[in-house]
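Next come two complexes built around chain A: one with chain B, the other with chain C.
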Partner chain A sequence: MAQAVFTGSFGVAAIWFGVVVFRTSSMVRSALALLFSQAAIGGMFLAMETEFLGVLQIMMMATEMAIMAIFMVMYMMDPGGLSEMDMTHQKRASLAAGVLGAFGALAVALLAGWGPVEVQVPAATAQVHDLGIEIMERSMLIFETTGVTILTAMIAATAIAIQRRH
Partner chain B sequence: MIFLVLAAGAYFVAVLERWATKGRFSLKGPVVSGLALLGRESLVPRKLDRIFFEAAPPLVLVSAVLAAAVLPLAPGLVVADLATGALFVNAALAYVMVALLMAGWGPDGAYAMVAGFRFLGQLVAYSMLIVMPITAVAMRAESLVTTVVVTSQATLWNAAYQPLGFVLYFLAAMAVAFLPPFDLPVAPGELAGGVEAEYTGWRLAAMRLGRATLVFTLALSVTVFYLGGWLGPVLPPWAWTVLKTLVVTAVMLWLGRYVPRLREADVLAWGWKYGIPLALLNIFYVGVVLLGAA
Partner chain C sequence: MVTLFVALAVGAVLFGIGLYGALSQTNLVMIMMGVELMLGAAMVNLVAFWRFLHPEVYAGQMFVLIVMTVMALEMAVGFGIATGRFRAKGSVEMEEARELKG
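Presenting the complex of A and B:
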């Protein structure tokens, strides 16, 4: 029961902060609201007794969203939100996309075969161990490919951003 | 008990810092200046971002206390002996940066904002040097549990087993606590206090308390990860942890006294160009030694 309450509360917090992202005009507020939304998802992981994933989510999001704040301040014309900039555009299309996405997610959640529910959660140390084995064995190729792809994208982005010397 | 040690540690950090910066050793100094701060009016800037401005000082303190919660003082004397302890330290410390970003953006002041973004800009330069040396520590312990990390050093402290990681982590810890010569986000004399510039009265006192706790927590993490934690002869285990932590704190503050503040560009360049490759080398080295021993 307590687990359901905590998971639900963190879920509501995540959605609430997600709403705040679009209700504020300050870029830094927006970025940090997204951070707290993601950290709340980390809280949900913790409430669901997946300690490693929870801590990892809370850690990664702090740095990622803060870095996003830099870019939002750098590239938006009104980072402080002082001149009543409207954060939304193409409202109809985005509404439609949002509703469609929500139904899609719901459909996956309800229709997918999730297998039997784990009654006995493995101990936290066992989870860390099993995750490590998973990443180093079965899923190694996926993780390595993703890593190299991201690295390539980073190098390409930097190469494009650097001004050519004549 | 643990929170008492933390509070006493933070107080001792304040005494030591006063000694290192002003040259006067006074046990009652922090009480006097703390009370003075509490007695002063806490000014609030015009057109501030209220949530960030008010939330930043407590967030520094909360991050430091949370990180300390997974670090053991002695066997059994730890608030939460998490299975992901070493990772949790990173997670908690990441929010120091978030707090300073808030403190920089919140008050709508130029100095504060430059300082906040400056700390954020250096993020990768120091946070990688926290994460990667801890990875090598966890490799040796074959666990992320902080108490296991301590017991893994029974034969040889990590400071001797992986000296490169120790030096990198030590310096990065100083940078996270923005101690001189890495005191870029406060930068007295250059940014007029930086992220602390717009804070006065009890809010500044809260910020200082958070920072002192942070320094103690980081010194405690150096002790746990590299200096064998509670391991030592004669004295009770907790006394060894406290003693080592205080020595680490003193060394951190003492180092800053004799080195001029580093340039922001230099910290970034050195962190990226030398720090990260060296940290990778450390991981590789520890891996080879571990495989050799196996």
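Presenting the complex of A and C:
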């Protein structure tokens, strides 16, 4: 029961900060709200006894959102949100799509037969060990492909961003 | 079973919020934030499935690692496009963008 309470509490925090991302007019606050939302998701992972992924999520998102905040200050016309600019469009259709998507996913979660639930989970050290074995054995090709994809994305992002010579 | 439903419900609501954000925002960086929330929701579901349905199969955790990588790549390429767009047009407002060229 304690696990459900902690998972739910972190979940409510993730949802609340997720809403704040699109409610505040300050872009810096938006980036920080997204950081807290993703950190709360990391907290959910910890509550669900997935320690390695939880810590990884919190560390990765802290770095990612810090970089995002810098880019927001660089590129936004009004990063502080002082002039209360409206930067939205097709609000009603977007809201309908969001509500429909959420209710669709909720319906699947409630109506699908998930089968028996596992109570026991491997210890944190065993999880890290077994995940390492998974990466180095069965999922080696996926892991290598991910590495090449990261390299490709880095080159592509740099190629797009550099100033062109005319 | 309760925790599985709690996690799936949180994932569903986060997905809805992310979808709303990705569709309603006009700024490229804010659109990326919506996509990040949707990917976060997918990760919550994946971890819940791994933990409560198949903790012996580590492909579930592997999948989460892949989604985390996709999030980082989406940010990198998105900001690359934002930088290129800002150089060319002086703004990253997608209302004004009809094509990605220049």
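Everything that follows uses one rule, which is that the second predicted complex is superposed on the first by the 150 of 166 C-alpha atoms of A that agree within 3 Å, B and C clash if a C-alpha of one lies under 4 Å from a C-alpha of the other, contacts with A are read in each partner's own complex, and residues count from 1 in each chain.
Following the convention adopted for this analysis, a residue touches a chain if its C-beta (ideal position, glycine included) is under 8 Å from a C-beta of that chain, and two chains touch if they have at least 3 such contacts.
This one's a predicted model, so the numbers in the text were calculated from it and none came from an experiment.
In the three-chain model built by superposing on chain A, chain B and chain C fit together without any clash.
In the superposition on chain A, A:T146 makes contact with chain C only, not with chain B. The partner of chain A that touches more of its residues, comparing chain B with chain C, is C. In the superposition on chain A, A:I67 contacts both chain B and chain C.
In the superposed model, A:V121 makes contact with chain C only, not with chain B. Contacts of A:I15 after superposition on the shared chain: chain C is touched, whereas chain B is not. In the superposition on chain A, A:L56 contacts both chain B and chain C. By the touch criterion defined above, A:L110 reaches chain C but does not reach chain B.
In the superposed model, A:T158 lies in contact with chain C only, and not with chain B. Taking every C-alpha of chain B against every C-alpha of chain C after the fit on chain A, the minimum distance is 13 Å.
Residues common to the contacts of chain A with chain B and with chain C across the two structures: 52, 56, 67, 127.
By the touch rule above, chain B contacts chain A in their complex via residues 49, 51-52, 82-84, 87-88, 90-91, 94-95, 97-98, 101-102, 105, 117, 120-121, 123, 127, 143-145. Across the complex, chain A meets chain B through its residues 26, 28-29, 32, 35, 51-52, 55-56, 58-59, 62-63, 66-67, 69-70, 73, 123-125, 127-128. Listing the residues of chain C that touch chain A in their complex gives 1-21, 23-27, 29-30, 32-34, 36-37, 40, 43-44, 47-48, 50-56, 58-59, 61-62, 64-66, 68-69, 71-73, 75-77, 79-84, 86-87, 91-93, 95. Considering their complex, residues 1, 3-4, 7-8, 11-12, 14-15, 18-19, 21-22, 27, 30-31, 34, 37-38, 41, 44-45, 48-50, 52-53, 56-57, 60, 64, 67-68, 71-72, 74-77, 87-91, 93-95, 97-99, 101-106, 109-110, 114-115, 117-118, 120-122, 127, 130-131, 133-135, 138-139, 142-143, 146, 149-150, 153-154, 156-161, 163 of chain A touch chain C.
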